[in-house]
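Consider the two complexes below, in which chain A is the common component and chain B and chain C are the respective partners.
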Partner chain A sequence: MKTIKENALVKKLGFNRIILFAILLLMYVVFSLIIPGFAGMARIMSIFNYVYFLGFLALGVTFVIATGGIDFSIGPVMFCCALMSGYMLNTYGVPVVISILASIAIGFCFGCFNGSLVAFVGVPPFIVSMATMNIAKGLGSVFTKTQSVSWPQGNDPSGNGWFRNLVKVGDVPTGLIVFAVAVIILFIVMNHTKAGRYILCLGSNKEAVRLSGVDVRKWQMLAYVICGLMAGIAAIFFVGAYTTVQPGLGDTYNNEAIASCVMGGTSMAGGLASIGGTVIGVFVISLLQEGIMALRMTKEVQMIITGLIVIVFVYADVSARRRKN
Partner chain B sequence: MYKISPGWTAYYKEIQPERRFQLLETLLAEEADDGSNDFRKHLYFLRHPDGNAEKVSTDLYLWQCVNFGQIYDTSSVFKKSGRREIEKFLDDAGYSEAVKAGPDGERALYWEIRNAARRFFKTCTGSDYRRTLFGLLGPGQKDQKQHMTLDTWKMTEGVGKRLGLEEKLALWTQAVMDEYKDADPTASDRMNALKSKSR
Partner chain C sequence: MGEVILTMKDIDKTFPGVHALDHVNFELEKGEVHALMGENGAGKSTLMKVLTGIYTKDSGSIIYEGREVEFHNTHDAQEAGIVIVHQELNMVGDLTVAQNIFIGREFMKGFMIDDRKMIEESRKLFDELHISIDPKARMSDLTVGKQQMCEIAKAISHKAKVIIFDEPSAALTEKEIEDLFAIIRDLRKQNLGIIYISHRMDEIKVITDRVTVMRDGTYVGTLITNDCTKEDIINMMVGRVIYEEPKTHSMVPADAPVVLKVDHLNAGKMVQDVSFELRKGEILGFSGLMGAGRTETARALFGADPKTSGDIYINGQKVEINSPRDAVKHGIGYLSEDRKRYGIVVQKTITENSTLATLEKYMAGLFINKAAEKAVTEQYIKELDTKTPSADQLVVNLSGGNQQKVVIAKWLVRNCDILIFDEPTRGIDVGAKNEIYKLMNRLASEGKSIIMISSEMTEILRMSDRIVVMCEGKKTGEIPIEEATQEAIMDKATRDIA
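Our next item is the complex of A and B:
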């Protein structure tokens, strides 16, 4: 094992990421063997649908976790963005482009709200995000008068259904291209920019970074803003794939996004983040969800399994650091 | 190694830049020059570009204490950019210049780095250092010390080995390690245990 870990390529790619990727492949093989028809293209497209919105959520929360914080509001914020912008589209006849921009803007506002409370007021991220989770749920419900909101179908006579091309054009998963572009941009931001370096260093030793002359509040806030923006974008991909959004929901996706990050190698203590690892984690969770659904298990069972996965990976992270020490 | 006159000890023990600047001005006027005085002032201002302000807000050496550890973490993939970044610091922060100048420059540099490391280690004893579970749990004292050991190793020998900069970072490594070992009596044992594990 030690020889494998010492291999230059393994070192470059990261041993944990290779293991996670192997788990992903293994899961796919197992599901394909035990579920007839699982290996088909339709199933893969369905997995991709889940990957897009969960991927954006997970990428955003990776930045927050890298600072040593947490955002438990991403799922409800995504739903709030989809509800409010969808309601504007349906009720006030706002053009779909404006609705999409509104969704991103609402996510941005939530990011600013969370970020300013954490960075400038000093409220613990856990408390802030729990409160924001309720605010987002409530706001979405109040704005839509507790009605679910449906976004236009692809063949909608109004022509507003074009936004679905962001997710899929015919059999081409265009969403995957958009997601890949986002991954590349965020990878560069995290690993090759001053912002990314400050965000990571904040998670390592915030006080030392502050004393060095870095405006820690600004960079900490930026992490939450990125997270909010990603939730706004995720909302577009969610409605692009699933059409209807119901108020008061969305919190189940928090766990899935956080689990994707942690299993991808982002440390819960901050200071260590892997965009590539998060992407693999997102695929693992999406495949698992799809597999569970194909096995005809209920949503509740899915929630139990996802919860257990979070516990397992959080425990693995804690014990890995303990071993390191 | 790099002995200094007792008068300068207070200057290198002090970690508040404003007080250090006052001490620097006093000592430069009062203490006999051991050959390093010019470097002391030069390095102080390279480290704190706003070093004579009422409230000094920058500390480039302290930043590198955090940054080198981060470069270590990311440099399994980005070796070249990590190397470039460190070499730029060595040139910009007076490191290369002081090493080239010989013992007088090295002495001033060694103690300036020790002072930065001292300031860094002070931040490692605060409750914000290495909190876990998304910032919910503070580390225990034992955990804190272990993290400090790991961070010290990463920013010195770790990053040097990984990027092939051991020779260039020799003085940096020595100064940080010496300061670390002075931090508490069990520090050496922890570092030795970590090194034997990493082998």
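Our next item is the complex of A and C:
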């Protein structure tokens, strides 16, 4: 066991991530064996649909968790983005390109709001994001007059349906390309830029970083801004796959995104984050969701399971740290 | 002498990189005050932490009241009657004295806490100890001395048989020390065993019956206090290591320019109207008792805490320093007394820590130039002789002295000209300490200017070219090294204390 852990390649990829990847494959095999017709492209495409939007949410929140913070507003913010920009599209007739940019801009604004409150005003992230969660739900409802919003289908006569090509073209999962590009960019940001370095260091010991002459507030805020931007992008992929959003919802995705992060090895205590780990975590959650649906169980069962996953992985992280000390 | 209550035999304890306790022996009798002495890093605190269950020993045995024991936490030890009165007091400031004393074992009246009974019992305890403290007072309103008395009362209320005092006098005034000694004599009469850790030689002679000396994690010997002289104890403490003599004259050329001038600096209660100058190549010692405001002065100067007023001049230019960022821009580096909290990011690598203050210099466009970063880190690992397998090592795995070197490297990479060393050798073992001293002397001779805050008199006298003494937030004196003596410093350090 020890020798495997010390192998250079294993070290680079991360032992825990390899295990998680193995679990992912095992889950897929088990679901395929116990559920007739589970194996096959149709299910995989359906899993991908879930991976895209959840992936963007989870990648965003990975940055926030890396600072030692938390964001419980991402799901509702994603819905708020989709509702507001979709309403603009349907009711005011703005071009779909503008709607998409609006969605990202709204997410960006939420990120700035959360980030400035946490970093500059000093309100605890937990409180800020809980409040923002309600603001996002409320704002989405008020803006759309409490009506659900449906984005155009691919064959919509207006021609606005082309944005669905971002998700898939025929049977080609183009979303996977967009997602992969995002993963690569965020991996580089986290591991090879000043932003990532400072975010990770301040998550580990904010005061030491501040006393090194770094403007920690700026970088802490940036993590929330990235998170908000990702929620805005996630919104596009959500409607691209599922068309309709209802006001007042979205919080179930908070837990799923956070579960993806902690499974992938990002520590809730801050300072340690793995973009690759988050991606595998997202696939695990998405597969789980698909499997549970295929077993004809309800979303509630999945909520219980993701809740437990968060607890188990956070416990594992906390006890690993305790052992180290 | 009384019967033996506690024997620690062959206690061994190793931390990564440090053999903290090397087969140490210790024995305590009932009704004796037993001093435990040694330099910082000699292993006194570690030994006491092993005794009270904070650390687990690697080997050896603890025999308490005739039985072999092993405590797993301080609570276990307390239950058995071994209580430690810490240097840093463990009190909840917002609770009352009585609530603090009975914390964790409150008297109950049905479902409710019986505050009245706790107050009564506290009063009884204080009477027993001849202390006058109001049990209803808020803990944070008391002086440090009074708070310590409460700790002692709490210890007694635990039916303690062994009480460990960890540098109890460090923050006390003369009067408070006398009161403390009266209590300790009282406890001795009641046949308790008392372990007394202190650096102050005079106190040892006054209050203790026996002295056990430790050095570099080893047991050196035990003496009867009355039969030995101060010199005997010092010799045992320092061993054959030739103790470097105090500096006799300033190493700073007479015409060295003033690089830093602090003019009437004010920041809260702890920094009142502090002014001083620092010259190129100088090591300016800051001496004083705990809580004299030295660290607060350094933090205000560095922009870590807000200041209320005062001007700072660097090389004759007035500068605005409102954040550490400003200070670093002006070439000031601060090495905190609490490395782990304020100095380093322990879960990150040496490289990441070394360039933390200078990252913009190691960028290739948007990306960090990791090769250049590693190169400079390796250069400083070599230059400072940091003991580590590689630059990729997590700082948490280094010993205290090597962690300190990483912090020094951080500021040298930044090329800071003014360095503030706050307790530079705290928690560092003797060998590494000498290295840090050498390094500071080298930096000064290369033209860096150093402010050194230290609570160790020997360190102050050995390193400083000039000494600023503070007491209760005010500067009470400035002594050139040629005229400095322990007595002169102590006199100024206690000047304002009533």
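Just so it is clear, the second predicted complex is superposed on the first by the 325 of 325 C-alpha atoms of A that agree within 3 Å, B and C clash if a C-alpha of one lies under 4 Å from a C-alpha of the other, contacts with A are read in each partner's own complex, and residues count from 1 in each chain.
The rule is simple: a contact is a pair of C-beta atoms (placed from the backbone, for glycine too) under 8 Å apart; a residue touches a chain by one contact, two chains touch by 3 or more.
Source: prediction; values computed, not measured.
Model built by superposing both complexes on chain A: chain B and chain C clash.
Of the two partner chains, both chain B and chain C are touched by A:272.
When the shared chain is aligned, chain B and chain C each come close enough to touch A:209.
Of the two partner chains, chain B is the only one touched by A:124; chain C is not. When the shared chain is aligned, chain C comes close enough to touch A:193, but chain B does not. After overlaying the two complexes on the shared chain, residue contacts for A:201 are found with chain B and with chain C alike. By the touch criterion stated above, A:70 is placed in contact with chain B alone, chain C being left untouched. Put chain B and chain C next to each other and count what each touches on chain A; the higher total goes to B. After superposition on chain A, the chain C segment that clashes with chain B is 347-355; the remaining candidates among 131-139, 149-157, 221-229 or 347-355 show no clashing C-alpha atoms. Overlap of the chain B and chain C contact sets on chain A: residues 192, 197, 200-201, 204-205, 207-209, 211-214, 271-272, 324. Residue ranges of chain A in contact with chain C, taken from their complex: 188, 192-194, 197-198, 200-201, 204-205, 207-215, 271-272, 324. By the touch rule above, chain A contacts chain B in their complex via residues 11-12, 14, 65, 68-70, 124-126, 191-192, 197, 200-201, 204-209, 211-214, 268-272, 314, 318, 321, 324-325.
On the chain B side of its complex with chain A, the touching residues are 57-60, 62-63, 65-67, 69-70, 73-74, 76-78, 81, 119-120, 123-124, 126, 128-136, 143, 146-147, 150-151. Chain contact summary for the complex, chain C toward chain A: residues 302, 304, 323-325, 327-329, 334, 336, 341-348, 352, 356-357, 359-360, 363, 366-368, 370, 396, 410, 414.
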